[in-house]
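Here you go, one structure.
Chains here go by letter, A, B and C, matching the order in which they are written, and residues are numbered from 1 within each.
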Amino acid sequence: MSGPLLSVESISLAFGGLKAVNAFSLSLGRRQLWGLIGPNGAGKTTAFNLLTGVYRPDSGTVSLEGRRLNGLPPHEITAAGLARTFQNIRLFPDLSVLDNVRVACHLDARHGLLAALLRTPRHLAEEKAMEERSRALLSLFGLEERADDDARNLPYGDQRRLEMARALATAPKVLLLDEPAAGMNPREKDELTDLIRGLPARFDIAVLLIEHDMGVVMDLVEGITVLDHGETIAVGAPAAIRRDPKVIEAYLGTGAVDEAVDEAVDEAVEGRA
Amino acid sequence: MTKLLQTAMDAVAVGSLYALIALGYTMVYGVLKFINFAHSDIFVLGAWSSFAMAAALGWTKAGATPPLLGGFAILLASMAFCAAAGIAIERFAYRPLRGAPRLNVLITAIGVSLLLQNVGQLPFVFGTQPQRMPQLLPDRVLASVAGVDLRLVDLIGAGTAVALMLGLEALVFRTKLGRAMRAVSWDVKTAALMGIPVDRVVAFTFGLGSALAAAAGLLYAMKYPGLNQPAHATWVLLGLKAFVAAVVGGIGNIRGAMLGGLLIGAVELFGAAYFSPHLRDLYVFTLLILVLLYRPAGLLGRAAVEKV
Amino acid sequence: MEARPGPSAAVTALRGVLPFLVGAFASLLLHFVVAPASGPFATKLVMDAGINVILAVSLNLVNGFTGQFSIGHAGFMAVGGYTAGLVTYYGSMLLWGSPAAHGGFLGGGELLFLAACLAGAAVAALAGLLVGLPSLRLRGDYLAIVTLGFGEILRVLLQRTGDVLPTAAEVRRTPLPELATHVGGALGFTGIPFYTSPFWVGIFVTVMLVVAYRLKSGSHGRSFLAIREDEVAAEAMGIPTTRVKVTAFVLSALFAGLAGGLFAHLVGTTLNPRELGFQKSFDVVIMVVLGGMGSISGAAIAAVILTLLPELLRSFSEYRMILYAALLVVVMIVRPQGLLGLGEIWDVWRPRRKGTGR
């Protein structure tokens, strides 16, 4: 395949008068790790929602391996190979950790309802394969010990990891991670960084990463797109982005102090959730 | 021609009552995002509590004529009573579930609805005997056009309904309290952070909605005076049609509820007059299905975007 | 991976049908040993309980597993019951000249009855599709309204049907489609032969329980549960939520139709529109909510208890609904997931729930 894996051309979305995302473009190659940063409310999560079909773009196109995705319902986009995690964790709280991942494996299942009700050999074989694959994913994220716990009972960092494991279980081609390190302590962040670094090669996927922690992003990605007020203000390699005056202004302009306060509030809110 | 005019008048009369009930559904849905199933029982309670008061005053005896403003006094009293009932229900059944999954709140609402229904049927409450509502409002034929009588009671009924709606509209869009209600309906958490006393606003919303439903109950009984607890389901069905009116107009939208009420009244009564009087419910629910299929947000509603 | 020939495939196949065989055996035992020994009153109660178990467990597929809210279950039961009743009553008239029960155990009459129940289930499933499609695209509470409306409209329509045709001659004279309008109106569909027996109830309860359990422990059921837990996340995991919801709803309607077929042919009950109204739907809802939203054994146990309870509390009958309604509100506030929640009764003795899987 010659063209890019994921190609986003100038997608926009407005909520009433607010242009949450304006003319956002992106091109991701195979096994590429890319960062998406910007101050709070810049439109990063909205961009993810546009890519995954939660919202429909007002204009622009999203295509994966040349297949147009925008306009499809979210489940078809996931089936096509775009999987995501949620910034405000959305696990299936009353299901076990294992089941959270197994649910996402359902795309593997080819047997029909009747086969499941009769427990045909094919059903059993597919179920077994799903369980094995799920357990393998859990152990990759260090969650195998907790497979039988309810997801709601996991500590916060584990919940974030479970979200990643679950998204990977859909066997995506592109993985979208929305602030996977939020609320983690420095040691957890380091482990997570190493894990994410290994994902493209291990699963043959591209990763698009939203992250506020600059240490984490700069360390991981080949390139970064910076959003501010829905606009793309810079695209480039991490080193160049770090020096880009527009980026510095976007971040410092909002006030370094404000940023710290926001962060603290975020943390408090997330800690409670 | 006579039939057309008569049907049109009935449609406006009944439709404006649907609208009154629909407002309660829509306001509660607006602030708390759930269907208050017990709302139709409040409507029934409005009719029965008015009847009980009239009975206590001796106005239900044959030949008794209530004083001119007696009917309005009862109207106000039963509105106040039902408002109190609505506030109590919110306080004890719904508030403990604030923030719980929607399904739980919905189930609770159904529980409350059944509780009201069955308590009402107890012998020492309203009993199971059918009753006839006395004419509490003055009535005479005001004018006769093409063989159709314009009756005072219909005029008072529709007039009261319209006055109440206009009052509500002014309250919600012109007053500080109304602004607080709209803020809560926009986003409960943010409203709370902004210092809006959410609990009080919600209680007020319930009280207001219940009072309107009570008024509709009394006015409906003026037009169709048979009160019948065991056939309570038919009355509850009336309330549900009012809910359909709210959905058709756009749930959460006050003007939508009014529009929906009139529309439902028209569909029902014209259908009954020109098709078959037995399939009234069918017309209304068919309209609901059509709206859900083609315009799920309702006629005046905006499609809600869930923030992800 | 296709099934390999050899002993292991045979063993798997056997395992697949084993629960059904056990259920069939238990049903035979119930029919020929337990029921005759315990008398007609107890037998009727057992059959009532069995029908309620099917109703509660099937409603749980929607209200418990999938997190949607249907309050028109009795409507689907009515669709199934009337369809099945039509088949056996008029079928018997045409075949044997009289609506009386025909043939013995597994005789011609019972086979007609079996076909009737399956037809009832199929028509109920179709009704489920029609009701589910427009409403399940939207959020859960619309389903409540639409199902409620469906039940009420059905009641109105059934009340307006014509008298049951009493003689075979009349039945022969009437064109077949027109027979469907002769189901007795408000008085009810009388004269349906009494085919429902402990055996058939046992068989259908078995099928219901096995289907529900296997569903819950397989990937299809997990999709149901995921939707109940978080619809947005389920969709993001590639689950076609609308289609899955409709599947659950249709399956649930199918079994309600089956229960309706059993109900229609039960001694001492008349199929009438009032009997299968909102009240009945609500009885089933409370079984599900009390037993646990998503718990198969919970719903089944609640169904049995709530069938027997009114018998014990006969003198309190006017307070029954008040008690149920109050119970519902209190349970929602105190234990919102129902008694067993998503778990099963046997999980209670385990230190930790072992997934929902096997």
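By definition in this document, contacts are C-beta pairs under 8 Å (C-beta built on N, C-alpha and C of every residue); 3 or more make two chains touch, one makes a residue touch a chain.
These figures come from a predicted structure and were not determined experimentally.
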item	value
Furthest chain, CA centroid comparison against subunit B	A
Comparison of B-C and A-B by number of C-beta pairs in contact, larger one	B-C
CA centroid of subunit A to CA centroid of subunit C, Å	42
Rounded Å distance, subunit B centre to subunit C centre (Cα mean)	35
Whole-Å gap separating subunit A and subunit B, where each centre is the average of the chain's CA atoms	47
Touching two or more other chains - residues of subunit B	308
Where subunit A touches two or more other chains at once, by residue number	54, 86
Touching two or more other chains - residues of subunit C	232
Subunit C to subunit A touching residues, read off their complex	1-4, 9, 12-13, 15-17, 210-211, 214-215, 218-220, 222-223, 225-226, 229-230, 232-241, 247, 294, 337, 341-342, 352-357
Partner subunit A, residues of subunit B touching it in the complex	305, 308
Residue numbers on subunit C that touch subunit B, as the complex places them	63, 67, 69, 71, 134-135, 137-142, 144-146, 148-150, 152-153, 156-157, 160, 232, 277-278, 282, 285, 289, 293, 318, 321-322, 324-329, 332-333, 336
List of subunit B residues in touch with subunit C within their complex	34-35, 37, 93, 96-97, 100-108, 110-115, 117-119, 121-122, 233, 237, 240, 243-244, 247, 278-279, 281-282, 284-285, 288-289, 292-293, 296, 306, 308
Contact set on subunit A toward subunit B in their complex	15, 45, 49, 54-55, 86
